[in-house]
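Structures are listed in the sections that come next.
Okay, so subunit A shows up in both of these, paired with subunit B first and subunit C after.
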Partner chain A sequence: MTRRFIRPVPPAEEWPDIAGGGLLDRRLFLRSGLLLAGSAGIRNALAQGDAPLPWLHTPGAPFSAYGQPSPYERYTARRIGANRAVAGNGVSFTPLEELAGTITPNGLHFERHHNGVPQIDPALHRLTVHGRVRQALAFDVKSLLRYPMRSQTLFIECGGNSNAGWHSEPVQRPAGSVHGLVSCAEWTGVPLSVLLDEAGVDADASWVIAEGADAGAMNMSIPLAKILDDCMLGLYQNGERLRPENGYPMRLIVPGWEGVLHVKWLQRLELSAQPVMSRNETAKYTELLPSGKARQFTFTMDCKSLITTPSHGQTLPGPDIYQITGLAWSGHGRIARVEVSADGGNSWADAALQGPLLPRSFTRFRIPWRWDGTPAVLKSRATDDAGNVQPERATLVAERGRAGYFHYNAIIAWTVEDDGLVSHTY
Partner chain B sequence: MTRRFIRPVPPAEEWPDIAGGGLLDRRLFLRSGLLLAGSAGIRNALAQGDAPLPWLHTPGAPFSAYGQPSPYERYTARRIGANRAVAGNGVSFTPLEELAGTITPNGLHFERHHNGVPQIDPALHRLTVHGRVRQALAFDVKSLLRYPMRSQTLFIECGGNSNAGWHSEPVQRPAGSVHGLVSCAEWTGVPLSVLLDEAGVDADASWVIAEGADAGAMNMSIPLAKILDDCMLGLYQNGERLRPENGYPMRLIVPGWEGVLHVKWLQRLELSAQPVMSRNETAKYTELLPSGKARQFTFTMDCKSLITTPSHGQTLPGPDIYQITGLAWSGHGRIARVEVSADGGNSWADAALQGPLLPRSFTRFRIPWRWDGTPAVLKSRATDDAGNVQPERATLVAERGRAGYFHYNAIIAWTVEDDGLVSHTY
Partner chain C sequence: MTDWFRTRTERVLLLTLPALLAACAAPVAPRTESARLGQPVANHERLNVFPDGRGLPPGHGNVAGGRELFARHCAACHGDAGQGGTAEELAGAKRPLNASSPDKTIGSYWPYATTLFDFIRRAKPMNAPGTLSADEVYALCAWLLHVNGVIDGDAVLDAQTLPAIPMPNRDGFLRIEAP
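And now, the complex of A and B:
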């Protein structure tokens, strides 16, 4: 008397492995073993009408002008890593392992501040475009909101994200608390080419020096060609105006390039023949190589992926079929492929990629996995459409040494112990 | 000494109109007239260092675990239209005219409640699948979070959205306060086909009756074929777990169909041979036609668009070039085209559509417009890839009469007066 409406799949125990350690075909859905079910479970559920669940018997809360998460989700929060010696200096991490999909909600977008979060009155804020231009211009917020805009879903990743990977031993913290200096949002703003065209760029200008209106007046140099190619003045994040900690009333958006260039609270764009050689492009955001030379102006964030579930600190309740899921991104373009290994990299299987596949944006990947209860090492490896492949850690360390601090994009590995506990490993 | 890095465009005054009333080619960027500029403006801006702007001189606020909008944006809020006679019954509107891009931030997603917002403890909540199934099943939240998921960006629109359009006279309220019972988010959840396959659907089942865990136990009937085709159990909205007012801990997602079917706080799915004939599919959410018959089970939300800027209550400061922008969506599929008219529908020009063009999702459109300071009537007209064209109001009223209340999708018109004030017109 049972009719199947979806394509028939064989019982889970008959599904063939497609790579070592129990990886299954990405097109198979999980089907078994995860439910409460059983007659006891049903009786409990169907008896709910008699249980003292107040929300079934009492009208709920009134309407709200601006919604907030459930109090039961209060632990889904940014993890703050502040510099105790300097107030307002530090980072806060997006809890990637608590999230699903690809959009980071605005309240959980990662932060990196050098001098705290300014509370800027938009009526007093100005953006000045000056230097090697035909005519210096100043724009107020109200005027800029009337300019033509475009929208693009983009990740922003701090150049220092995942830098614990350079340590000798694998750091044992939740995935987001190590790798969560990356977030993804739909940004809307004014193409910078429009504003610069209006000011008239001199022929000898080749850099743009961007400065924020925080008390540190944080500044960075960006090649003019990039600014004119695809950068924008970000005014909206996921539909609404920027949050203060993300640059209200305006920030730079520099698609696919390191986070520090996305200057927040932007107040000045100076056209220049040379970079400014500020602290953040000399003493910081450079990478010391084994040769003793340092890489400088390493703008593009490389191809990278991260399994968010299972990940450090989670526990698998027992042998079963699980969905492995995570995120992949590349500053070079679109994610073309994510492979997953359940045997520490001996064999790999292609994960399903959730469309649409957008350039310089998060891509969510998923693959089913049958865990047999023995120790396993899970890895993911991303490839972008420019042909870049996420390297193994040993390869990256051999190339860059361990003094670089920035731009760590090696494959991330999680160990599943026989008791189901997940931890970080190299 | 000026070098142009972007493709040369002629001065704005030389741009040709491509439709009546000053509509310009969608590929042209605005270039002039909107800036502060002039030497006075520059001096003001460049003198900022001496001005008492506290955020330039004092370290800013510390890190926050969960961010909030700027206090200067506090008026970007949902507009509440509550039923004074019944606590917790009513709607709140998304302020569409204040937003940009296509994602609605979770705090501003529209709401429709019949009995307030329950504060559900997820540890006590169960979803029961029963009725015409091989085996009734109950799921707790923790188990469901381990099921395979998919993500999709989808609009949800209340069947009663824009229903002021049936009135004899055009209602004078902001765009979002009339048409803002529609929002768009990235939803992540478990395909319902997976759960129903596990329960085993009987051959004589053809409807699913969904019930919420609010005190009203709001319920609706949905054809089984739709449930198995593309519906999901929504658990995450824009990356994070659902907000209470959007169904925490779980809701139905019914792509492209009317909002009332997306049952929030979902606690029961009953497989049935017939619909339940609940209040919300008999006395409500049906449309009385001029013939005296009523349409029932009118599930799909039709092809529609709305100009959000300029729109009611905004004022254009003077003759100039403006960017007209708005949103289009269709429950039938992808938006294929949005045309804009600046002369009340006498002539039309194609607006630029912001990609990616996703099915059953918001599409942002934009087109430049030169306003000469004389009265103008702005309209937008959407076409979807199934060939549906948004009708003029007169056509819709002739077909449906004015007693229908639901499913109003006619072309929306804004009048710009010679003083720049924008208001609603038919």
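And now, the complex of A and C:
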């Protein structure tokens, strides 16, 4: 094995800025480890603790059948926003600013329910494939678990994620409580092309209408070409069977397309020559333009990124070197580049992207930043491998107006005050 | 026979070479032969109602019947006249769709009348979805379309009349990624 030559790293105060506001070369963390000027203070605090630590001197808790997070992490939780008259109609947000890496734990995956979470007995559940097929077929869960499967790490984002971005004033809530209707998991299941092939697709079929087994049997139309290309019947989420709130015993996985199409508790697929024009593909999940016309069948979730640290509600303890980190994703493919600005978009520097760079999946980005204690505005801007660039908010609003509600993917900005407090800004 | 065919292996290789080359050039079929475990079904439930009326059941309903049903099942959340409450507005649009804060009601926004039947039958009322009869769903459609000014007060809706209703915003949509 060849030993790599490591250049000595100069002291942090000599690191040159590579963009305005104190952004530093993205490779510095990799070469040097994290050199925080303020870390001496943390060491002192630890040295003062001279009371005996009880976990060193008493036996710990016994085994548990299903592990739970530390009680000290109980505030890392989904934030719920539900209809006050119908408790099961609403959303819960993934606390993106509390998480690291790219995989969303199953208990923190965002939720959107239209009328609650059904508790489905898998022995009584069937998936029926019918309509324009040679032979309508019903599949039980046990049978589906015997089919050849594949796994894919994919984000799912609600079409209504970040909709507060259309408001005239920036909403002051934590990053995840505004932008956390997006999560990322490894999904395992059966390619839908296999099941449709078994039923025999008629030549004139061009849509598939998916329907859930929730209270309301929510239905959505999806182009057959997409279903045959890369959609799957999701049975496992991050290695375990789906959680009830994510569609147990089975849900649609529609890579890169809006969340509402990933129909949970899937019970029927009807093949058709036409879309059904359901309530959720006409009255909802369509975007009014200033002209009064509405965009419909806007399936792909566009290129987007978000700085999760520092972000709204956090406080920087003082001038120091910090790691800016966040997430980027695109329904069009892989993330090719994330740029970060610390001066409100006047200058940009490339962030380091954590590999592997998977298509239609979260990509974690990081860049070191020397904050000098003066007010700063932080932004991130993602580019995907199809060449799509995340737009500035003014550009998106000029194109779409502010009444569209869905598909908000503009650049998100955080302002850092001189006292270190971080809040949302436009 | 030349030296090239000294062994049996070489002879087999030479004889099968054209077939091997053809196999390499042919498209690969990577799909694993899957289980075929679907059970044929015939008389399963079908809830989808299409814009051309396909999927609509027999039955009928009128505006007066729908007014009563709406008051009983819907008004608590949607308001007495569908003006909205804890649930969204369904009728009474004042601001047009090109206003900065438009009213998206059934009358001003929904492109197909059949969507009403499809949605009400499967999803309403929220405390007992899927429990209304076909007659009741037709009646609720009638009341909602009447209170939106789309049909007259004496209209009766059934599988023939409902899909024939021209909705005001029928052409208001741009199909961005539809085939």
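Everything below uses one rule, namely that the second predicted complex is superposed on the first by the 398 of 426 C-alpha atoms of A that agree within 3 Å, B and C clash if a C-alpha of one lies under 4 Å from a C-alpha of the other, contacts with A are read in each partner's own complex, and residues count from 1 in each chain.
Following the convention adopted for this analysis, a residue touches a chain if its C-beta (ideal position, glycine included) is under 8 Å from a C-beta of that chain, and two chains touch if they have at least 3 such contacts.
What you see is a predicted model; the values in this text were computed from it and never measured.
Asker: Which of the two partners, first being subunit B and second being subunit C, lies in contact with A:P275: first, second, both, or neither?
Answerer: Second partner only.
Asker: Quick check on the superposed pair: does A:S151 touch subunit B, subunit C, both, or neither? Answer first, second, both or neither.
Answerer: After superposing on A, A:S151 lies in contact with subunit B but is clear of subunit C.
Asker: I'd like to know which partner A:S143 touches here: subunit B for first, subunit C for second, both or neither.
Answerer: Both: A:S143 reaches subunit B and subunit C.
Asker: Which partner does A:T286 reach: the first (subunit B), the second (subunit C), both, or neither?
Answerer: The answer is second: A:T286 touches subunit C but not subunit B.
Asker: Based on the superposed arrangement, let me know which partner A:L235 touches: subunit B (first), subunit C (second), both, or neither?
Answerer: In the superposed model, A:L235 contacts subunit B only, not subunit C.
Asker: Once the shared chain is lined up, is A:E111 touching subunit B (first), subunit C (second), both, or neither of them?
Answerer: Once the two structures are laid over each other on A, A:E111 reaches subunit B alone.
Asker: For A:H332, decide between first (touching subunit B), second (touching subunit C), both and neither.
Answerer: A:H332: touches no partner chain.
Asker: After the superposition on A, what does A:A203 contact: first (subunit B), second (subunit C), both or neither?
Answerer: After superposing on A, A:A203 lies in contact with subunit B but is clear of subunit C.
Asker: Check whether subunit B or subunit C contacts more residues of subunit A in the superposed model.
Answerer: Comparing subunit B with subunit C, the partner touching more subunit A residues is B.
Asker: Counting only touches as set out at the top, which of subunit B and subunit C does A:R393 meet: first, second, both, neither?
Answerer: neither
Asker: Mind sorting out which residues of subunit A both subunit B and subunit C touch, each in its own complex?
Answerer: Correct list for subunit A: 115, 128, 130, 135-140, 143, 146-148, 194, 198, 215, 217, 224-225.
Asker: Considering the complex alone, what residue numbers of subunit C touch subunit A?
Answerer: Residues in contact with subunit A: 31-32, 34-42, 44, 46-52, 76-77, 86-87, 96-102, 104, 106, 109-112, 114-115, 118-119, 122-123, 126, 129-130, 172-179.
Asker: Which of the residues in subunit A come into contact with subunit C in the complex?
Answerer: Going through subunit A, the ones touching subunit C are 83-86, 89, 114-115, 128-130, 135-140, 143-144, 146-148, 194-195, 198-199, 206-207, 209, 211, 215-219, 223-225, 268, 270, 272, 274-279, 282-283, 286, 288-300, 401-403.
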